[in-house]
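Listed after this line are the structures, all set down as structure tokens.
Two complexes follow with chain A in common, the first pairing it with chain B and the second with chain C.
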Partner chain A sequence: MKTSKTISRRNLLKGIALGAGAATLAACAPASQRPAPAEAPQSEAATQPAAAPAAPSGPTEIVYWGFSGGLGNTEDELVKMYNDKNTGVTIKREVQGNYEETAQKLTAQLAAKSDLPQIVLLSDVWWFKFYRSGSLLPLNELVAAQKMDTADFVDSLWIEGVRKGVQHWIPFARSTPLFYYNADMLEAAGLEARGPKTWNEFMEWAPKLVQKEGDTLKVAAFAHPGAASYIAWLFQCVAWQFGGSYSDAEFNIKLLEPDTVRAGQFYQDTVNKMGWAIASQDVQKDFVTGLAATAMLSTGSLAGVLRDATFRVGTAFLPEEKQFGCCTGGAGLAILAGASPDKAAAAMQYIDWATGNEGGAFWSQNTGYMPVRKSTAASESYAKFFEERPQAKTAVEQLPKTKPQDAARVFIPGGDQIIGKGLERIIISKEDVTTVWTDVTAELNREAEPVKRDIAAMGG
Partner chain B sequence: MDSAPTTTHANTQLAARVSAATASVRSARAEHLVHRALGYAAMAGIVVIIGLPVLWLLTGAVKTNREIFSPVVQWLPANPTLDNFGRAWQAAPFDRYYINSIITTLAGGLAEVIMAITTAYALVYVRFPKRDWVFALLLVALMVPEEVVIVPNYLTVANWGLVNTYAGIVLPGASIAFGTFLLRQYFRTIPVDLTDAARVDGAGHVRAMLSIVVPIAAPAVATTAMLSFVAKWNEYLWPLIVTTTQEFRTLPIGLRWLLDQEGNTEWGVVMAATLFVVAPVIVVFLYAQRFLVSGIAAGAVKG
Partner chain C sequence: MKSPPNNQNLIGRIRRDWREWLTFVLLAGPNLGLFVIFTYAPMLNNVLLSFQEYDLIRSTGTWVGLTNFQTVFNSSQTGRILLNTLVFTVASVGGVLLLGLFGGLLLNQPLRGRNAARSILFSPFIISGAAIAIVWIYIFDPRFGLLYTILKWLGLTSPNWLGDPNWALLAVIIVYIWRNLGYATVIYIAGLQAIPADLYEAARVDGAGLWARMRHVTLPGLAPVVFFLIVTSILSSFQAFDLINVMTRGGPANATNTLIYHLYEMAFINLSVGRAAVIALALFGLMFIVTLLQLRYLERRVTYA
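Moving on to the complex of A and B:
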């Protein structure tokens, strides 16, 4: 009897603890918010051609994972513009964070096979990972069904999302680096308020722009970002300008070629030997606060720079060395392979509008990103916009001279950060350039192996 | 006649002793003053280290971005504005985030406190085999960082279909070993005679726990509740991982979403939104800090 009584009390205690927890949780979980069943396995779905793309058959809600912050607020307005048109397709915008956080979140949800969006914003260095895993829907049939004029897209932007002749990633928030300068500071130093044509010219300007108190640099002529702020994206242009590169399309790493080593040595010298540049935690902040007279920044930073700067801001083409060099960057839109034909068609309908003359013009004019369609850039709306904001015109004029990025940065997983951390060793730790590039080359080669195997298995 | 020199000698000795004692008192006072001055200096230093960022947060919330980015540091705003608060409120659905934070904090905190009380009671007052082993296991759980169990927790919660639900946010944190550990230590300071007397009077474990142990351990229970609620209010990583939609996002995540990919962050807005998040915690903490201090100290002597 005693035993039975003791057990009963234990059970009672257990019951209270479990019951309280369960009751609490049950009360908190609304039945209406249960997640949808897992979608079809990604790899399986992705190997199928898009099923007979057509216009959505009825009212359709599309979940879209997009930007955070100020860009997110502009995107909210963009989505509202579209939803207010009552096309039968409603976009529900969700935010997962920056490019990296969005990609990580997508990876987690693909593993869980639940709560996936139909459209996702993926950056230049992330979309290929999801293409390799078969998670992105091939878009050619949807593009054709939507009657999208692919020739109207800026060629260098459009081709970046093509693999084996099939589109997987459509340009949306696309950027290039620009040379930003503080016009007031340049004129105060007795220089013309314009960007330098070459790095040699800038090396003549730089000592006039620098302001020192003793040995302390108070105002730098130029600021370099860190790895987390995509220095590898910006330095890629400098490597090209010096005649070098990160790699070729077949993943042959070119960092140890003389011109790329020379470019690395130049970056190190700007901070150490010549001493007119700084390694900055936040280049945009240092530029708008006047701690750096010039900087290379994304076109996407333009709206923020103009909002925060208390001086005249100018933009120019990137300086040349042996030649001109400028890459594209930013993010594009992809549709996930698990989307049903109806949802995929609805998603493409939105993408067509958001990258087109109405949505695309609104988006690029309010963010600083480039118009991704030629007709948008040539439109009357843009002519007027360029009059109001001449700095934005530089990006559009520079665009035809840009080219897609090296495979080592955008197709090797973590390639951007591997190269970026190498550049930090060169600039901040003052390590020997050849030694650093040797280490980085070894790491890139190691990381490239599975990519090369996958690409071979996929046939390209 | 002999007494005079003796008296004089005694007086001299006394005077010397008094003088030495006075010097000693003075020295002790001086030492005390030095210690006190050093203590105040250390406190002032800590107040500056902790207080300056808070001051920057408070003033930044009423500054424009240009003022925040001014090359000359401006501690006080030249033209204070409350615009940032309105813009922060509109930049993200903070009303929804508030509701979500309140629900997950209350549900999670309540579950954690109930679990902690019942588990600690069982570990102290219920005899069962290998009781110390169970406690040792709890201590091990205390030492496993949250990040280590995130992937298995996520896959479990996802398999149960609890992504984007309050239950998914609350469940993995419903029982934390620290609360059990804290309460067990406190319960052990309560004389067993009290619960024995209750048992003799016919009370069962539940009655003894609710009527005897919990009221006596009120400071420790309040501390456990306080620590749990603050931790859950501020929790970022798990709610971030287990939600993909703003309907279930909590305040700390909403704050993170104000940061901009291209560096165009409006810091005045971010600082105003930060005040939304920390204000309730500061109010609750100021109210309950006396429980917190006495509760943490309690149980520290007897292990």
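Moving on to the complex of A and C:
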């Protein structure tokens, strides 16, 4: 006679163990996999809308993945302004999270080939990855059909989204780092309420700004962010000021060049040897709550800082060392390659408005991001705005002196975090700068390989 | 000597077997199908991915042999990440088991308000990890947080919990234990209630004191529950992702970077799916070995009632 076999606790536990382990593995695998040799991304002709773009004929709904959090609230108002105009195009704004989360969701949806938006907000370090994969629509024809005045865009911002003469990423929420200072604290320390001209000058100021309680810093002269808060973006400017860089445009990593090592050593010394700076979890919070007298922050933080600070806030150009150095940053708008010609044209209509004199002015004045068009910055509304908020003028005045970022940070997948984690090792773990930069260089070189291959396959 | 079965019997048996087989397929089939589609096929896929340089956006890959394995195991970060994973697992599982036992023993007593206490203790377990992490970020704030205030009352200064690499892992472990304590406590209570009361009476008659009753009745009686908790807690602590992602993102300076977080980072920040697959395999292997060792060596000591 057969005996029936009942499950034992032992078997159940084995099953759970196997199931849990398998689930971990399963979580890593993409939904579908089609192993195939690496191929060049779809050619641009293949990703162009089938017909010549034309103005949308009927009511068209465009899905847009945009900002989350406080900036998302402002963007809700922006979208509402546009939708209230009844142009025949309705924008449906959806939120996926921060820049990284938006890019991850987009990656998943592209693999699944479903539920894709028409417009997506992509940060400086993410758009290129989607361009490489042929996921972004080439925009030249749409720009021409929309009669957008491309010469009106700030040149340095416009050219960042151009590859091989074709626009793929239109500047929208663009920023630069600014030097923020607590004017009340500077004056209380017997200093002028202005930004330092050079880092040497700031090193003279710093001891006067520091306040200690025993061994603990009660007020630091300056605050550095962590890797998660884009320290690699801000330090890039300092590397340039010291005469160094992360890399050249051909992905030759320059971290071990003497000036970049010197810049890294300077950052470490500000926290450890000189002891006037802190490694902060949240620089904006530490600045507005008075824990740090000064900080480098994005122009995009200006509205939040002015709203929360209970002291006089000043903004200045970044300090110089060997030279001036400041990069651009932030995010732009892209249209996905799968959009139908009608939807693509409608999407471009919105982008034109949102970056233009009406939408763009509202957006930049209410966030702190820079006006991306020259005519917006020169408009009457902006003249009035600068009177009310002189801090915002610094960003616009500094803009002509900025330059696009190093390839190592923006074009290498994970480049920003690889460099950022290296900086954490330098500042927080006090590791030797050359040792850290050697490790980071090796990692960047490894990660750059597929990008270089793709760029070669795409013809530049 | 046995006589051969006649045809009638044979047909009957085949029918019965067929019917049993059909019942089995009907009952187990759907579940098995789901397992194959959503667990085992992706698992196999993961093994294939570990030998490829895979582009997640384009869904294309090239075979690179063992390169991904070499890169992951030669990385200067791997040692640190493995150590973090080990410390996190041992400390969080140990903490949950010991404090849970204490909670279980306490809340198994006929105390006033014990049902309310059980519910309160269990509630963190059903709250979203991200929400818990956000609340604890405020609690840990070294200048305004609740812990800062408590430590100040005691005349102590608050460490920079999440900003100092020497404290950050401990901070995450504390939150993990706090979140999972209620679950262990409830399981312990169930285990305690399953121990027959007459065993305690017999022990008392034999003159056993509190400690002797604990040692010779309670702990052996709880052995199956402890074993269950050890296995499930270790598996879930290996996979603790939400708290780390929201509280520290593996930082500062890799201080809280564990295998599961590193896997995410590799796949979705660096877009290096092949290497992420290697990390997933390593994690699977580690969990598999730990569980096998537990079943081999630990379960021997367990007596099921």
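The rule is simple: the second predicted complex is superposed on the first by the 409 of 460 C-alpha atoms of A that agree within 3 Å, B and C clash if a C-alpha of one lies under 4 Å from a C-alpha of the other, contacts with A are read in each partner's own complex, and residues count from 1 in each chain.
The rule we apply is simple: contacts are C-beta pairs under 8 Å (C-beta built on N, C-alpha and C of every residue); 3 or more make two chains touch, one makes a residue touch a chain.
For clarity, every value in this text was computed on a predicted model and none was experimentally measured.
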Chain B versus chain C as contact partner of A:216, first or second or both or neither: second
First (chain B), second (chain C), both or neither touched by A:69: first
Which of chain B and chain C A:291 touches, first, second, both or neither: both
Which of chain B and chain C A:429 touches, first, second, both or neither: second
Touching partner for A:228 - first (chain B), second (chain C), both, neither: second
First, second, both or neither for A:118, with chain B first and chain C second: neither
Touched partner set for A:417, first chain B, second chain C, both or neither: second
Intersection of the chain A residues that touch chain B with those that touch chain C: 9-10, 13, 16-17, 20-21, 24-30, 33-35, 111, 289, 291
Chain A - residues contacting chain C, complex: 9-10, 13-14, 16-30, 32-39, 41, 100, 104, 107, 110-111, 129-130, 132-135, 216, 226-228, 279-281, 289, 291, 413-414, 417-418, 421, 424-425, 428-429, 439, 446-447, 450
In the complex with chain B, residue positions of chain A that touch it: 9-10, 12-13, 16-17, 20-21, 24-30, 33-35, 65, 67-73, 94-99, 105, 108-109, 111-112, 114-115, 117, 175, 229, 282-285, 288-291, 297-298, 300-301, 303-304, 307-308, 310, 367-368
Residues of chain C that touch chain A when the two form their complex: 38-40, 42-43, 45-49, 52-63, 71, 76, 143-144, 157, 162-165, 224, 227-228, 231-232, 235-236, 238-239, 249, 251-254, 260, 263, 265, 267-273, 276-277, 279-281, 283-284, 287-288, 291, 295, 299, 304
Interface residues, chain B side, partner chain A - complex: 65-66, 69-71, 91, 103-104, 107, 110-111, 114-115, 118-119, 121-122, 126, 128, 154-155, 158-159, 161-168, 170-171, 174-175, 204-206, 241, 244-248, 256-266
